[in-house]
Amino acid sequence: MTSSKTNDRILLAVFSVLVLAGPIILAPFGAGYPDLLQKFAIYGIFAIGFNILFGLTGYLSFGHAAFLGVGSYAAVWMFKLLSMNVIPAIVFAVIVGGLFSLLIGYISLRRSGIYFSILTLAFAQMSYNLAYSVLTPITNGETGLQVTLDDPRILDGGAAGQPFSNLFGLNMIETTEVSILGMAVQFNAGFYVCAAILIGCFYISLRLFRSPFGMMLKAVKSNQNRMSYTGLNTRPYTLAAFVISGMFAGLAGGLLAAMDPLAGAERMQWTASGEVVLMTILGGAGTLLGPVLGAGLIKYFENIFSAINEGVLMDFWSFLPETLQHAVVSVSSLFVGEGWHLTLGLIFMVIVTFLPGGLIEGASRLGRLVTNRGKGENGAARPAPAPAE
Amino acid sequence: MGTPILQVQNVNKRFGGLKALDDVNLTVMENTVHAIIGPNGAGKSTLLNTFVGRLIPDTGTVTFDGQSLIGRKPHEINQLGVSRVFQTPEIFEDLTVAENVMIPAFAKRDGAFRLHGWESMSREAEIRDRALACLEDVNMADRRAMLAKNLSRGDKRRLEMAMCLVQEPKLLLLDEPTAGMSRADTNNTIDLLKQIVAAKSITLAVIEHDMHVVFSLADRISVLAQGHVIVEDAPQHIKGNPKVQEAYLGGAHL
Amino acid sequence: MDAILLQILNGLDKGSAYAMIALGLTLIFGTLGVVNFAHGALFMLGAFCAVSIDKLFSMEMVALSATETTAWGTPLEIRTLYVEAWFGDFGQWLNEWSVLVSILLAIPFMLLVGLVMERGLIRHFYKRPHADQILVTFGLAIVLQEIIKAFFGANPIPQPAPDALSGMADFGAAVGMQAGAVVYPMWRLVYFLFAAAVIGAVFSFLQFTTFGMVVRAGMADRETVGLLGINIDRRFTMMFGLAACVAGLAGVMYTPILSPDYHLGMDFLVLSFVVVVVGGMGSLPGAVAAGFLLGILQSFASMNEVKQLLPGIDQIIIYLVAVVILLTRPRGLLGRKGVMEA
Amino acid sequence: MANFTISRRGLLKTSAVAGAGLAAPMVWRRPAYAYTNEPTGSSVILGFNVPQTGAYADEGADELRAYELAVEHLNGGGDGGMLATFSSKALSGAGVNGKKVEFVTGDTQTKSDAARASAKRMIERDGASMITGGSSSGVAVAVQGLCQEMGVIFMAGLTHSNDTTGKDKKANGFRHFFNAYMSGAALAPVLKSNYGSDRKAYHLTADYTWGWTQEESIAAATEALGWQTVEKVRTPLGAGDFSQYLTPVLNSGADVLILNHYGRDMVNSLTQAVQFGLKGKQVNGKNFEIVVPLYSRLMAQGAGEAVKGIYGSTNWHWSLQDEGSKAFVKSFGQKYGFPPSQAAHTCYVQALLYADAAQRAGSFNPCDIVAALEGFEFDGMGNGPTLYRAEDHQCFKDVLVVRGKENPTSQFDLLEVVDVTPAEQVTYAPDHPMFAGGELGQCNPGA
C-alpha cells in the first residue's frame, strides 16, 4: 500500500508541475494567454467536483451549472458590496454554492437514475429562466451582473477609478510577458491564483478518492441495496458528495467572477450543465485526471478552433500548391471558425466510440497494450487491474 | 441460552389477493441456529424481508433484542446487529474483494454515516486486518485484490458471508447459503457455519432447502407452508412429523 | 370561458408536438434501452425535409434581364418556378401543398436515417453505460445540426401552410358555441388531428400486429423473447426507424407553425426528455399523456391572470410540474419500476 | 483575396517552437507599452467579435463580411467603398497611421461569457487594439465593460438597447447603431399618420433587458400620441410557440399588437400572429395592425409572407439612394453577390470610423481615439449627417421607418423605406430618464 501512496505523491507532483508550467507548455498551441489558461484551471475545478459526484456515486446531475452560476453571482455581489479582494468573494461563492446544492440535492436525491437527472435539470433550468427574467434586480438578467464605479464596496473605502479584482493589491489581470525560446509567454497573476486552487482541489479530490468516504461512494454506485443491508445510510453519503461537488462548482463560479467580474445567466443554462457532463465523460468519469483533461479539450476547441478563420487556414496550408491550397482551405474551413461545433461533435463521437471510458481509460489501455507486448506472455498472469485512476 | 433474540408475533402480509404471510409466530433463541424450511412459495423469503426492513408487515410485530423492527430502515436494523446473506449474492461488484469486506467493517465501527473523506484508506490498518481475517475464515484471502465481479458464484457467496461476519452480528440471516453449491462446497459451508457458531456468540436464522444442511446445523426448525408456521420444533421431532410431510408432499403419506 | 377553451386548444397543439417527440424517444428507450440525445435532431431533420421539398419546388429558372440591373450593378435576374414551367397547374399545386407532399419524402428518408443510425452507430452502444450513449448521441446531434447549418444557414426559413389550410377555423361554432367566439388557425387544428392519427397508428401497430406484439414482449423482457428464437434485434432496428419517422413527421408538419432553423432540435431536446420522464420511463401512454398535460399547463400558466399572480411562472411551469410529479410519483405518471433508476 | 491576413503574434504563437527561438535571447521581458496592445510593428490588429454559432450566426456572418470588406478598403483594396463618400478625408487607403490593418476573429455565441472570453483572447493573445461586433445588447454591454477594463476601444455592432449608451455606457465604448428610444420616437409620427391617434395597443415583450427598454420606449412614444396601452405581456426568450400569448390578444379589445421581439422570437411571434388572423382582423371598427419596432432584413426573410405591410424601424437599408449607401451596396454586392444587411452596414461604418479617428489622432492610444470620436460630426456613411455625441458616445442620425413590401422582387427586397425621421426628432437629452444612471467614466488606455 505504501507504493500506491508514493504513486499518488508522484501524480500530485507531476500534476502541479504541469499546471504551473501551463503558460509555457500551452504557448506553442496558441493557448498560452491568460484568459484561456484561467478557463482551463477553472473548468478543471468544476469538472473535478462534478466527478466526485458522478464518477464516484454514478448520480448524473444535469444541473450542476446552477451552482456555478450562483457562485458567480455571489462573488460579484461581494465585489459590489464588500471589496474587490477575491478572498471574500471566493469564500462566499463556495458557501452559497454549498447551500444551494444542499437544498437541491436534498430534494433531488429522493430519486435515483434518470429521475434524479431530470430533477436536477429542472431546478437548474428554473434558476436560469428566472435569473434571465424576473430576478433581474439581483442578476442583471441578460447582460449579466457587473461591477460598476458607484458600487458601495465598504471595505475598499472610497477608492476611485476602475475597480479591478485583486488579491491584497495584486490585480488579477496583472501579466508579465517573457520571451522563452522565442515564444512570448504570459505569466498572469489570476492564472496562478486559479492554478494554486486547482492543485488544491486536485489534492482534495485525491484524498477523497483514497479515503474510506470515497470507497463508500463507489459502493453507492456499485450496489445501494447492499449498502443499506450493511448498515450504511446512503442518503447522507450521496448528499455529502452532492454538496461537495456543488461547492466545487460554486468555487469555480466564484473564480470565474474573480478573474473577470461578470456573472451571466447563461452560465446556468442546461447546455452549460451538459458541458461539464461531457468534459467528465470525455476525459474519463471516475478517474482523477480525466475530468481536467476533458475540460481542457473542450475549452481549447471552444476558444481556439472557433477563432481560426480562412486567413489563418490559408497560412497554415501555404506549403501546398495554390490550387490545392484553396481546395484544402475550403474543406477545412467547414471544421473551424463557425464550424467548430462540427469538430466538437465529431470528436465526441470518435472518442466515445474508440476510447470507451474516456481519454484516460484509452491511454491506460494503450499503455497496457504496450507493456503487455514488452513483457510478452507475462502480462496475462497479473491480477486483474483495479479501475483505472 | 434461553433468551429469545428475535420474536415474530402475528405477522401478516398480503400482496394483492395473495396472502404471503398468514399470522406468523416465531421465536429465535439467542446463540442457536434456527432453520426456516418449507416448500417453494411458502413465504420464507418474505418473512426474512420483514426482518431486515425490506418489507413492512401489514399487521403484527417483529422484535429484535427487545426493540421493534417495524418501520425501521434496513441500515438501522443492521446497526442493531442483524446481517443478511441473500439468495443471489448482493455484493459490490465494482470493488475489490478486500474493499467489499472493509465496507461493512467501517459500518460496524463508524455507524451509518461518517464523513471520513480526509483519512487515507492506507491508514486503516485495523479495518484492513479485520477484513483480511474474515477473508481467511472463508478461505478467500488470496483473492483479496480481485474485482468482486470476476469471482465465481460460489466465491461471491462466501464473500457475502465474510461481509456479514466481519460485522460480528448478533443475528445472521442466511437465505439458502448453499443453493447451487457442489456437495463438497456445501460441506465446507456447513463446517464454516459450525465453526462460526462455536467460536462466536452469534444467532443464525437459516432458510434452506437442503435437508442435509438443515439437519447438520439447526438447533430448532420452523416449518412454513402457505404463509403459516405449521410446526416449530427440534430437528429430531420434525423428521417424522406428518404435518411437515403433508406440506411438502401434498398429503401423500410416506 | 372562450379564453380557457382557446388555451386548451393551444395546449393540445403544443402537446401534440411534445407527445410525438416523446413517443419516439420512449420507443427507442423502451425497445433498445438507449438514451437518444439525437432525437431532437431527428425532429429537426424532419422539418428540413419540408424545407428541402419546398426549396425544390420553388427552384427557379433564372434569366438575366437585358435592361434592368440590381442596386449593386449586376443584371437583374428574372425568375420562374421550374415546377410551374414543367408541370403547369399541377406544378403550382405541388408548390402550394409542398408541406404535405414532403411527408411522402420524409417517411422513407427518416426511416432510412433511423436505420442507418441504429445499424451504423447506436448498435455498438447497447451494452455501454448510459453516459456513453448520451455522449455519442449528443455528438451526433451536433454533427447533424451543423451539417444542416452548412447547407441552409442559421436563419429560420419560413414555410407557409397551404392557402386552403392557412385561414382561421370557427372552432366555437363547430362545437355549438356562438359563431366567431372561438376561432383558431386551421393549420393548428390540422396538426393536432395529424398527431392524434400518428399516435393512434403507432399504438394500433403495436397492439394489433404480430410484429408489434413481439416488440412489446421484447420491451418487457428482451432475453426471453430472444430465447424463443425470434430475431428481436431486427425488429428493434425497425422500431428505431419508426421512432425516427414519428419525430420526422412531427417536424415536417410543425414547420408552418414554427419557421425551422438548425437549432430547432436542441430546443426540443430538453423538453422532450422532461416529458418522457414525467410520463414515466418506458411507458408509451405515459409519454403521450405527459406531452399533452405539460402542453396544456404551459398554456394556462401563460395567461395574464396567472402571470399577474405569479410573475415568471410561465418561464418555469414545465420544470415545476416535473419536480412536483417526480416527487409525488417516484416513477412519473406511468413508469415501470426499475427502469433507468440505477 | 487580398485580405487574407493573420495576426503577427497569433502566428508566432500558433507556429511550432522549433527553430524560432534560436536567434532570440533566452528570456526577455516585454517592453512597457504606453497603452494596451500598442502596435509596434508594421500593422495594427482589429478584433472582430461576431456570433458564429447560435441564433444570430447568419447576422454574424454578414457582419464578418462587412469587416473583411472594410479591412480591404482601409488597406487600399477593392473600390474603396464608402471611403470615397465619407466626409472625413483622413483615410487614403494606405492603412491607418502608416500601418497595415489586419484582423482576428472570434465567436461570441451570443452569450456574455463566451463573448468576453473571445474578446479577451483577441486582446491578450492576438494583440487586438480594438474590439468590434456583436448582435445583441447583452453581449455589447458585457464586452464594452471588458474593453473598458482592459484599455482598448469597443465599437459596438448591432445593439439596440438603451442601456448600451445609457446606464451601462463606458468611455471606451461607442455605438453607431440606433436604439430603442429612437425607434419609438421615429415610429410614432408614422404610426399616427397611418393608424390615427385613437388606438389600443397590446404589447408582447421578450422578457429580458432589451425587450423591456424597447417596450418602455415604444409605449412612451405611442402613449404620447394618445394611444392606450391595454396590456404588456412578457414572453420567455426563445418561447418558440407563442400561441398561448397570442390568443388572449384576440378578445382583449386591442387593435394594435406591438411585438417587442428580435431575432427568432420576432420571426416566430410575427408569423404566428398572422396565422392567428390578427392581420386584417376588424376590431373597434378599425383594421387590426401589427407593429415590429425593430426590423432587420434577415428577420424579414425568416418571417416570409408575414411581414407584408408591417411597420417597423431600422438603422439602414440597402435600397437607400444616397451616395454612401450606393457605394457600400455596390462594393458589398460585387464581392458577395447579395446586398448587405443593416448589421453589416453598422459594422462596416464602425470599422471605418475607428480607423478614421486613429488616423486623425495620429495614434492608436484609446484616449486619443476617444477624443477624436467624441463630438465628431460626419456624413456620407448612409445615414445623412451624423454626430457622435460626447456625453454618451451614441450616434445621432436619421432613422428609417420601413414597411414589409407587398410585392418583393427578390429575397432581399423585402422592406421598403416609407419615411426617414430626421435626427432632431429622435434626439434626447443625455440625462433622459430612460438613459439615466451609470457614468461614462474616464477613458482607460490600459497598461
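In this document, chain identifiers A, B, C and D correspond to the written order of the chains, with residue numbering beginning at 1 in each.
Convention: contacts are C-beta pairs under 8 Å (C-beta built on N, C-alpha and C of every residue); 3 or more make two chains touch, one makes a residue touch a chain.
Small disclaimer: the values here were computed from a predicted structure and weren't measured.
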{"item": "Centroid-based (C-alpha) most distant chain relative to chain C", "value": "B"}
{"item": "Gap in Å, rounded to a whole number, between the CA centres of chain B and chain A", "value": "46"}
{"item": "Rounded Å distance, chain C centre to chain D centre (Cα mean)", "value": "35"}
{"item": "Centre distance in Å when chain A and chain D are each reduced to the mean of their C-alpha atoms", "value": "34"}
{"item": "Centroid spacing, where centroids are CA-atom means, of chain B and chain C in whole angstrom", "value": "53"}
{"item": "Shared interface positions of chain B, touching two or more other chains", "value": "none"}
{"item": "Touching two or more other chains - residues of chain C", "value": "312, 315"}
{"item": "Multi-chain contact sites of chain A, meaning residues that touch two or more partners", "value": "129, 132-134, 341"}
{"item": "Which pairs of chains touch, using the document's own definition", "value": "A-B, A-C, A-D, C-D"}
{"item": "Sites on chain B touched by chain A in the complex", "value": "52-53, 73-75, 78-79, 83-84, 86, 90-96, 99, 102-104, 106-108, 110-122, 124, 127, 145-147, 150, 163, 167"}
{"item": "Residue ranges of chain D in contact with chain C within the complex", "value": "54-58, 61, 207, 231, 233-236, 238, 240-241, 243-245, 247-248, 250-251, 264, 267-268, 271-272, 275-277, 298, 301-306, 318-319, 326, 329-330, 332-334, 337, 339, 409-410"}
{"item": "Interface residues, chain C side, partner chain A - complex", "value": "35, 121, 124, 128, 130-132, 134-136, 138-143, 145-147, 150, 266, 270, 273-274, 277-278, 281, 311-312, 315-316, 319-320, 322-323, 326-327, 330-332, 340-342"}
{"item": "Residue ranges of chain D in contact with chain A within the complex", "value": "3-6, 9-17, 20-30, 52-53, 57, 60-61, 103-107, 111-114, 116-118, 120-122, 124-125, 136-138, 141-142, 145-146, 148-150, 163, 168, 207-210, 234, 236-237, 438-439, 441-442, 444"}
{"item": "Chain A - residues contacting chain C, complex", "value": "54, 58, 60, 107, 110-115, 118-119, 121-123, 125-126, 129-130, 132-135, 224, 270-271, 274, 277-278, 281-282, 285, 334, 339, 341-342, 344-349, 351-353, 356"}
